């Protein structure tokens, strides 16, 4: 079998589902749901196969594909520089992990959608599958233009998924999402185009080499400027304070299945971009920003944590908690050593799983009780012990309980930063306490205590709902107990980054 | 056997998993699952302990996590301290498992309770087997969760919810200290392994300030876990959990983990005089501070809880004074007699369905087994000669005296008096005096509850004889064997200390006797002589209120301040930008008047403007 | 003949152009506006013819250009008037400031 | 010029123009002699056939070396071929709209004229692509303009149509006069109207006064022609005229007429000013005027996008959107990078596809509802999912999202903007205003997909519209995913 076409198949496999769905009648709910769900399976299987491929000691470079795609030429036949963009996909260890994460969360989100989406399944699943293509593409793209294209491809379906299937203020949230991310991607596009025009390539590997070359046609100031622009672009996505307000709206208003994807994967694109492009392409300049990043990270961590502490809506708690947790990514990156960067990457994946789990549970709760207010849910452990148990477990994972994935990432990020900037890290550790405080306040407020309402007739988790919960939870624990499942593929990526940083 | 020690924590883990998955179906049989698995742990622990008597330390590890060039390992180690702790933990856990079968009978979440117990036991056993700080930290947090879950077992009680939350967060504050200390130490020594750390500290590779800093940070972790001042407030509240849990977690095992941690890292602490002194001072202060609160509490479990805090302070004092053996020794004896006291208290509560000692009385005759067992525990903790507590407390006092802390020694002595007093106050109020009318139908607890108590009772009496000035210090010698840095197995102290300790504890008992049995001293002499003092003690020195007014209020206030920023500054900025764009649009829209001549005029003005600029600048703008 | 300098013709053209522009932008009556536009176009014609005689490199092309411009201007004016008539039929007015049914 | 020289010209290079001219003549005669009761739509189909024939003839001329006839007034070069194809394709699609357009408000009697006026306008535009002389350029421009005036007012009994035509004429007249005034100075300074010769003469200008005058001429021509581009400062007529004119005419104005505008602007800027007075400070006139161009481009983008936010009328909104797109194209002109013509051509191609497709949908909706409010799009997804999705794709392309031709078009412009001397500010404005444009494009989406429909009636989509939609959607996506088809085509022309 030709491995080079595998990635293209992986990325575009949901397309098959879209095509099939297009020809299904609107009303055949069951069939649409099945097709929507099944269309996510090929990508999942391929992603897992690629992971095994790696675990069996084979080279991920086998998957790389590069085809000529667009040529920009000058008029007049003059020997003008020949700008070309190739269609290039590839996998590194880091990308592999994110692809697996995407495939897993997408499949689980499809299950969530099967359960929670109440109308217009056809449109939903078509957009959803388009979104999956975008996400898979983002993580496999090997050049910036392609990355950008897939990045933007995620925007449109998300806009519709939020705007049509969301809650009360869905349209506002959708617009907020679109404009913020539009601005972010606009800044990103400027960076990409400047790099493209200056170096003649957008291939990430080549760019890294060119930029590292001191004779590169870019001045130090320009590079720093580009990096700051990147920081802003991905800072919107991550989000970094004060660019976060759109994300709150999205988390509260979007349907749970979409928030699983959004919080689980889309936000991670920001982290991925920062690591792959910021740290990867501009290591020198990144160093000069380390302190700034560390401070931003700590601000994010504490800001999110303190605000989560006083929220009344559990979705808001989770939204601010996402901000807080993304602070850890920044903290890890700011450390710029192996521990820190690996911690950041771990946090990316770990938070992806944890937030997917928590938002799925929110979906379950909302479906049963029509509320996500902490106060209204008080004492629900009585009526839905299993859901409450998983909620608590998810919160524990989120607050960095050892034995679950959150701890490993948090630990490594702080381990890294304590080596470089111990004082900032020390301030950041307040976040560890606050995380416990706000999560327990919220989760105990919902599960424990006297029941404020009757939970009779409210059903606990059942049937297919167990699949996402159990799968995510098992993954969270697996990473927490045996982190090598993640760290092994990461070592080459890490080496490359460290090489760029000068050892 | 030692190479199989890793199985010991796995048994309870299995129990946890089985009960989690099948608990609903197993129902009552859950208890047997838990008991059998912990029994297996116990047997293995005993085998390991005995093997360790004759064989050297066993250690194994494997790579757990790779971070570039850093290779973090996990594994297990069986040294003297670990082996001892394995035994204590699995024993108490087994007994509590057995006891709970009776105590928790009839609870609808019976299997869940056993599952949680299994989780906790697993974590605790894992903690004591850990050969490195990171692994210790991991299990350290997991025991916290076990404790949290069990405190909040009666989840629909608001108090239980609050107590669970408080326990978790307060200990987490301490844990962060441990976390930072551990990481700092790692970057100093490039390892989490205890042995590597000691080696680095020994060789002087770590600066003195750094040792002090990390030692104190790690000690903060211990402060949180062991309920030392100022992070002690969660421990009394934790009594909201079922009583067997209090016996297991909040008396015998988890709260002792702080002491264990300091003991396990003792060479590090020994390298810093400041750190040792800090430990000693905090320990002594906590001992007397908690004891004084214990004087006036009326809830049977809370008295015991403050007593635990106080006794843990004792252990810290011992360690801080360099009395490694004394600290560990007291840890062991305390585990036995405090577990006994809690189980006995549980038995009492089981019988009378109240925890308020003012509503009890005259139970001696009705609880024929519990009464004497409780008395044994009380005598042991009070330091009455010939019982286990006497020997270990004596060791601590000697350690404090020899360690050169006369003031702390004095404090410890006063605390010993108070301990004797409040424990006998408790005993007299519960078991003597007149029986209340509503307590007619009081029965002794079933066998599966009394059996563990009897076993603990025996241990509470005899456990001290492993390390006495009279029959040899076998225990102490074994404990420090091969580690000269830890000090001697037994420190020979002046004989007057032993006498003083005996006198003090007897005095305490006598005063309590006068006040609560003979009633010849006013029961309320404290409130009589100093009303304010009584109120202060009753309100636990207002520490909770203080926290409420400072830390929590600040956190809330700061949160609201940030929300203000979030809503007005961050959102406001966005709204401002949107407003500007919209405003521009509106203006542009207004200019579109429909008057065709305006359109032409705009074009002309544009042209004129460009031409004027062109004329003024001569064409070239740059 | 040659006593009149080229600049005078150019100035005349410029003035005519400005008068035309002024008229086109201020007059209410659409017919006058159309005539003003004619004026502007004719100013250009004067320019072209001037240049064809006194330009840097005099040539006949300017005059040809002017001829074309005259034709185009005529066509434009006739179309303009035709449209105005149509408009007058529906609106009963030739005032340009009343043509504002479409605006934001 | 004798008959002999006439016959020596290689007339075949003018075949496309002759075909269109022939069709115009044929249609005029047919219209005159056809019985009144016969449906004039057949004339529309004939003109489509004519345009198709012209396209075929252009294609057959693709391999011809650049040829100049009629004393260098008519040149068939790569530029001409490329843009002629664009104009023909655009006009062809517009004809499909026109055929499907329902005549009313006094237009019934002039149905025939409706079709061949489009063709005359097209002929004017085609001439512009091939002119290399100021006079022919001017004639082509006016042929296009005057035909458009009539087209805008062809609904004789409709006040709005009349008014829009009137506004168009008056503003068009003023703009013509300004352009012509500028041209007259160029003629005066060079003494010739032939573009090649002008370039030659002007490149020798070294005198400051003359350069100054040339600068003024540049500004006048630019402002005058900005009328055709609908760019600042001569953009304000566009919303009113777009609103009042029949939808096919609006589509024509926004696409074909704009393309023609860019053709003439590029012709004049490059041929006349690129190398004019090169010895002055800051290089030739074009480079000295660079900042003015940038300023106008920025103003156009900002005005177009920002004012579009406030629109409630779909046609007005598209007018502002078309102003904004003119601004993007001006960015490409401003940067004058080596791939400028590529970018402009590709962008116009993409713009033609997406905008004509959008107008096709607008025509269907507005004819059904009888009004042009954006709110009429409410619930379109329920009423006709295909139409809604089609419109959605086109809007996404207009907004410049990847996967569509609109994105590649913008990408081209960006490459140019950063290549060589980078234009950070201009590019930033372009991209920021693009984000602003999401608001109003997605506003239409919101109506179509999120809002409930006022009535559930279905649409009867005419054949012509279907053709346009298919071409537009397929083209938008095809050139978005595989832009090299178009780029290579253009490249192989050279």
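Before moving on, here are some points about what is shown:
First chain written, first letter: the chains are A, B, C and D, and each begins at residue 1.
To be clear about the criterion, a residue touches a chain if its C-beta (ideal position, glycine included) is under 8 Å from a C-beta of that chain, and two chains touch if they have at least 3 such contacts.
Note that this is a predicted model, so its numbers are computed, not measured.
Taking the mean of each chain's C-alpha atoms as its centre, the chain lying closest to the overall protein C-alpha centroid is A. Between C-D and B-D, more contacting C-beta pairs join the chains of C-D.
The centroid of the Cα atoms in subunit C and the matching centroid in subunit D are 25 Å apart. Averaging Cα coordinates per chain places subunit B and subunit D 78 Å apart. One inter-chain figure worth recording: subunit A and subunit B are separated by 37 Å, centre to centre, where each centre is the mean of the chain's CA atoms. If you average the Cα atoms of subunit B and of subunit C, the two centres end up 96 Å apart. Residue positions 21, 24-25, 33, 96, 99, 101-104 of subunit C each touch two or more of the other chains. Multi-chain contact residues of subunit B (touching two or more other chains): 589, 592, 594, 596-597, 600, 604.
Contact of a single residue of subunit D with at least two other chains is seen at positions 166-167, 170, 174, 178, 239-240, 307, 310-311. Working note: touching chain pairs come out as A-B, A-D, B-C, B-D, C-D. Here subunit D touches subunit A in the complex through residues 337-342, 381, 396, 401-403, 407-408, 411-412, 414-415, 417-420, 422, 424, 427-428, 431-432, 434-435, 438-439, 442, 445-446, 449-450, 482-484, 487-488, 491, 494, going by the rule given at the top. On the subunit C side of its complex with subunit B, the touching residues are 21, 24-26, 33, 96-97, 99-104.
Listed in rising order, the residues of subunit A touching subunit B in the complex are 241-242, 244-245, 303, 306-307, 309-310, 337-339, 342, 379, 381-382, 396, 401-403, 407-408, 411-412, 414-415, 418-419, 422, 425-426, 429-430, 432-434, 436-437, 440-441, 444, 447-451, 482-484, 487-488, 491, 494-495, 498.
Against subunit C, in their complex, subunit D makes its touches with residues 134-135, 138-139, 142, 145-146, 149-150, 153, 156-160, 162-167, 169-170, 172-174, 176-178, 180-181, 183-185, 187-193, 201, 239-240, 243-244, 307, 310-311, 316. Of all residues in subunit C, those touching subunit D in their complex are 17, 20-21, 24-25, 30, 33-34, 37, 40-41, 43-44, 47-48, 50-51, 55-59, 61-62, 64-65, 68-69, 72, 75-76, 79-80, 82-84, 86-87, 89-91, 96, 99, 101-104.
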